[in-house]
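In what follows, subunit A forms one complex with subunit B and a second complex with subunit C.
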Partner chain A sequence: MSRLVVSGLTKIYGNFAAAKDVSFEVGEGELVSLLGPSGCGKTTTLRMIAGFITPTRGSVTIGEDDVTRIAPWSRNTGMVFQNYALFPHMTVAQNVAFGLEMRRIGGAEVRERVQSALQMVRLDHLADRYPRNISGGQQQRVALARAVAIRPRVLLLDEPLSNLDAKLREQVRIEIRTLQQELKLTTIMVTHDQDEALTMSDRLILMEGGVVQQIGTPRELYNRPRSRFVADFVGQSSFIEGEVVAPGQFRSIQGALLSCPERDASGATLNTGKATLAIRPEAIRLGPAAETAPPGHAGKVEFVSYLGSRIDVHVRLATGEAVISTLRDLAEPLSVGDPCHVSWADASVTAFTA
Partner chain B sequence: MSGRVLLRAFAAPGLTIVLLPIVLVSWLAFFSQEIPSFPPEGHSLRWFSAAFSERKFASGFLLSAEIAALSTAIGLAVSIPAAIALQRFRFRGRGTLGSILLFPLVIPGVVLGAALYIFEVQAEKTTDLPLIGSYAGLVIGHVLIVIPWCIKLLGVSLSGLDRGIEEAAMNLGAKPWTTFRRILLPGIRPGLVAASLFGFVVSFGNLEMTLFLVGPGQSTLPIAIMQYLEWKVDPTIAAVSVVQIVLIGAALLLTDRYVSLSRVV
Partner chain C sequence: MTRTTFDRENGSVLSAATLAAPATLLVAAGLVVPLAILLRYSLNQFIPGQFMTEALTLENYVRFVADPYFRGILGQTIGIAALVTAICIVIGFPLAYVLARAGGRFKSLLILAIVLPLFVGNAVRAAGWMIAFGTNGVVNYVGLGLGILNQPLEIMYTPTAVIIGIVAVNLPFVILSFQTVLEGISRSVEEAAFNLGAGPLATTRRIILPLAMPGIISGATLSFILTMNAYATPVLLGGPSFVMMGPLVYSQVMTQMNWPFGAAASFILMLATLVLTTIGHLIVQRRYSSGRN
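And then the complex of A and B:
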């Protein structure tokens, strides 16, 4: 396994930049996710690492080798495709053996390595089946075994879970992560699913419009988003738009006076002018309407989503702002139209200019 | 339920019209009398032995099979890269090229044959190459009518093939040629089988165009049959037809075991 360094990677089609100056590093054995909405450049970046797209500028380095101009078949990356791309005319075992044959590895060793790769994904009993005769989840694991069997220097996962149903996804997520850690595979995963990215990754790279927006651990991205886009894309947030009227004082568009941090998300002093406040739903407390402490705001319940392990309550403040609160449980049942007391700690507010 | 009844009500007359001549010809082949008339005076196999002992039919059959095999092979060799290019790449003139390759399908065989003949005459006059009535000229013509079928059938097969599997192969270390040989070709095998079969059948049964291209002494099976009919009308022809029908039918059934023909055509 090797370190991967992507530096200044850019791909321009005509006058459209699919990826702009993308730079990051993936350490040995680390799993890093490229996360973002569709069209953000994450897949383009992955395909440039695999060698299927030639970058306009920038470089890809695996270990000590600059592979920017190296053909895909000589890069020694193992890729798991979104639709698995198993060879339909080959059995499961032949699929897994293909990469080894290409490396001119001898018959006995091929058999041994195919066997161990299939055992790793617990599919050795299906070695002689054809891809069309196994389930989607099994196909996914064959694709993984095929990519891992060649002992790639970097493992590339392209939306590996998007074709699985919700229940299976949860399980495969854990399997892939466990396998990746056991084998210490340097891994890049492309996904548009933030839950997937948060639960599986050591670090996340959030992209939008071909540009890297923020790189950090899941915790960093969730707790210290550097821009409104990040706060919006990773987890839920209630956004209140308005302006800073004095240091630490904010007036919303609807006219509510709120306290705000003195520095914005990037750490710069927050000057007076337009700004947006973001509050995570678990930081917002709801209480009975009669409550006065801690100081807060009067609100009215607009919508209640019961999600089993948690309840999302959409509340409209008396001044007009909409906020969402996540509760573990309701002490007293809240229903639509009920008045309530809304409060949050000042420290839980993040401010963005613009 | 009522839909199925309706479908059968429409399908039945259609099927009857299609199958009736085949049934009648096959029956005729077993009539014992020389002049075909109903009802048959008796049944016999003598026309089959007559057909097999007629040298013109045997040599016509061999020539037809040879020409069909050769032109299908050449047609496939030309069509595989062409179909891939048409399917995979966006280039200027792509639509026009696609239409040109399918053109022989819509040109009447007589027109095609006459045009090729005139071309051969002109070409021979300017280059002195012996083209008119040559074996090569005949094969070239047949390649021409085989190509549209190959392009069409391979195209269907290619469009159903996931491009991702080629990328997967390259990712696993396969160079382009290996990817083509190990992944793409097996992937379009149904199309290849269907294209070979249809190419062969189209070439084997062609009469109109072939009439213009054969040289003296060369007669393909359809031409041999036509020549025979000019002098004689007896069930020998029906027997020859039955042999053809059985061979082609067997080929179709065999193919259908590997490729569902209704899916490809």
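And then the complex of A and C:
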């Protein structure tokens, strides 16, 4: 396993930049996710690392080797494709053996390594089946075994769970993460699913429009989003737009006067002018309409979504702003149209100037 | 409106038979009946001076098999068919691959270029080759003019001319049947092979060829059958000195007026084509049987 360094990676098609100056490092044995909406450049970046796309500028270094100009078949990366891309004319065992045969490894060792790779994903009993005769989840594990069997320097996962149903997805998430940590595989995973990224990764790289927006641990991205886009994409947020009228004082477009932090998300002093406040739903407290402390705002329930372990309540403030509050449980049932008291701690407010 | 449902249910059974009937009748009338008549003719006797004498004899078949001249023509035809098919596969496969992976306007243009020759009849195209290959033809004119050739090439009325001519006829069919299967092979399967350390050659041999085999078989079969039965091209480009089975049958029936022998020769041609294609299929199937059971 090796460290992966991507530096200044850029891909330009005509006058469209699919990836712009993408730089990051993945440490040995670390799992880093490339997260973002479709078209954000995450797949382009992954394909440049695998060697399927030649970058316009920038470099990819695996271990000590600059592989930017090296053919995909000489890079020694192991990729799990979104549609698995198993070889339909080969059995499960032959699929897993393929990469080893290409490395001119002897028959006995191939058999042994195929066996152990299949045992790792608990599929050794299906070794002689053809891909079309096993389920989607099993195909996914064959693809993983095939990529891991060659002992790649970097493991590349391209939306590995997107073709699985919801229940299986959570199980496979844990399996992949466990396997990755056991084998200490340096791994890059592309995903558009924030839950997947948050639960599986050591660190996340959030991309939008071909540009890296923020790199950090799941906790950092959730608690200290650097831009409105990050706050919006990772987790939920209530956004209130308006302007800073004086240090610590904010007036929303609808005219509500709120207190705001003196520094914005990047740590710079918040000057007067246009700004957006973001509040996480678990920081917003709801109480009976008669309540007065802590100081807050009058609101009216607009929508209640019951999600089992939690309840999301959409509230419209009397001044017109919309906020979402997540509750564990309701002390007394809230229904649409009920008045309520909305409050949040000043410290839970993040401010963005853009 | 209950009647409509009833009618529709009943009608579906009826319409299936109705739809299949015309084609079945056409095949029966257009293929089986003439073949049966031809088979009957091939057992008749030919007595010079008389047209055809009713008989039940195998002497026409025996004559064909016993005469080294006729056996030679059959062998020659099989040889040309095999060679033409091999050339078509080798030339056609890369082209079909490019076609399958191309997109947009370039692809439409390529398909047009491949299909366009089919709009011109075989005979017309063979006539075109005659102009190109003649002693004073385009090839020699250009070759001599540019100093590439010292003396005119003798291409007309050689196997080479016939092979070039038939390859040109067969290529569109072969390319199109390759293209269909190649388009069915997902690009990511190729990328997976690359990713696992297989270069383009290994990927072609281990992944693309086996997956494309059904299309290669059908394309090759088509080419082989077309060549075995080629008529216009060998007549025009092979001339009297290079005879293949198609022209042989024609000359027996139309020039020699020996219908029984012509009929026997065409049955031998059909049988040879059938047997060889079947053997070919079996061999390929055995080799690539894994995965398509």
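The rule is short, and it goes like this: the second predicted complex is superposed on the first by the 354 of 354 C-alpha atoms of A that agree within 3 Å, B and C clash if a C-alpha of one lies under 4 Å from a C-alpha of the other, contacts with A are read in each partner's own complex, and residues count from 1 in each chain.
Convention: a residue touches a chain if its C-beta (ideal position, glycine included) is under 8 Å from a C-beta of that chain, and two chains touch if they have at least 3 such contacts.
Owing to the predicted nature of the structure, the values given are computational and were not obtained by experimental measurement.
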Combined model on subunit A where subunit B meets subunit C, clash or fit: clash
Touching partner for A:Y222 - first (subunit B), second (subunit C), both, neither: neither
Touching partner for A:Y130 - first (subunit B), second (subunit C), both, neither: second
Touching partner for A:F239 - first (subunit B), second (subunit C), both, neither: neither
A:F24 touches, of subunit B and subunit C: first, second, both or neither? neither
Touching both subunit B and subunit C, residues of subunit A: 50, 52, 71-79, 81-83, 85-89, 98-99, 102-103, 146-147, 150
Of all residues in subunit A, those that touch subunit C in their complex: 50-52, 71-79, 81-83, 85-91, 94, 98-99, 102-103, 130, 146-147, 150
Touching residues on subunit C, where the partner in the complex is subunit A: 186, 188-189, 191-199, 202, 206-207, 210-211, 288, 290-292
Sites on subunit B touched by subunit A in the complex: 162, 164-165, 167-175, 178, 182-183, 186-187, 189
Subunit B contact footprint on subunit A (complex, rising order): 50, 52, 71-79, 81-83, 85-89, 98-99, 102-103, 146-147, 150
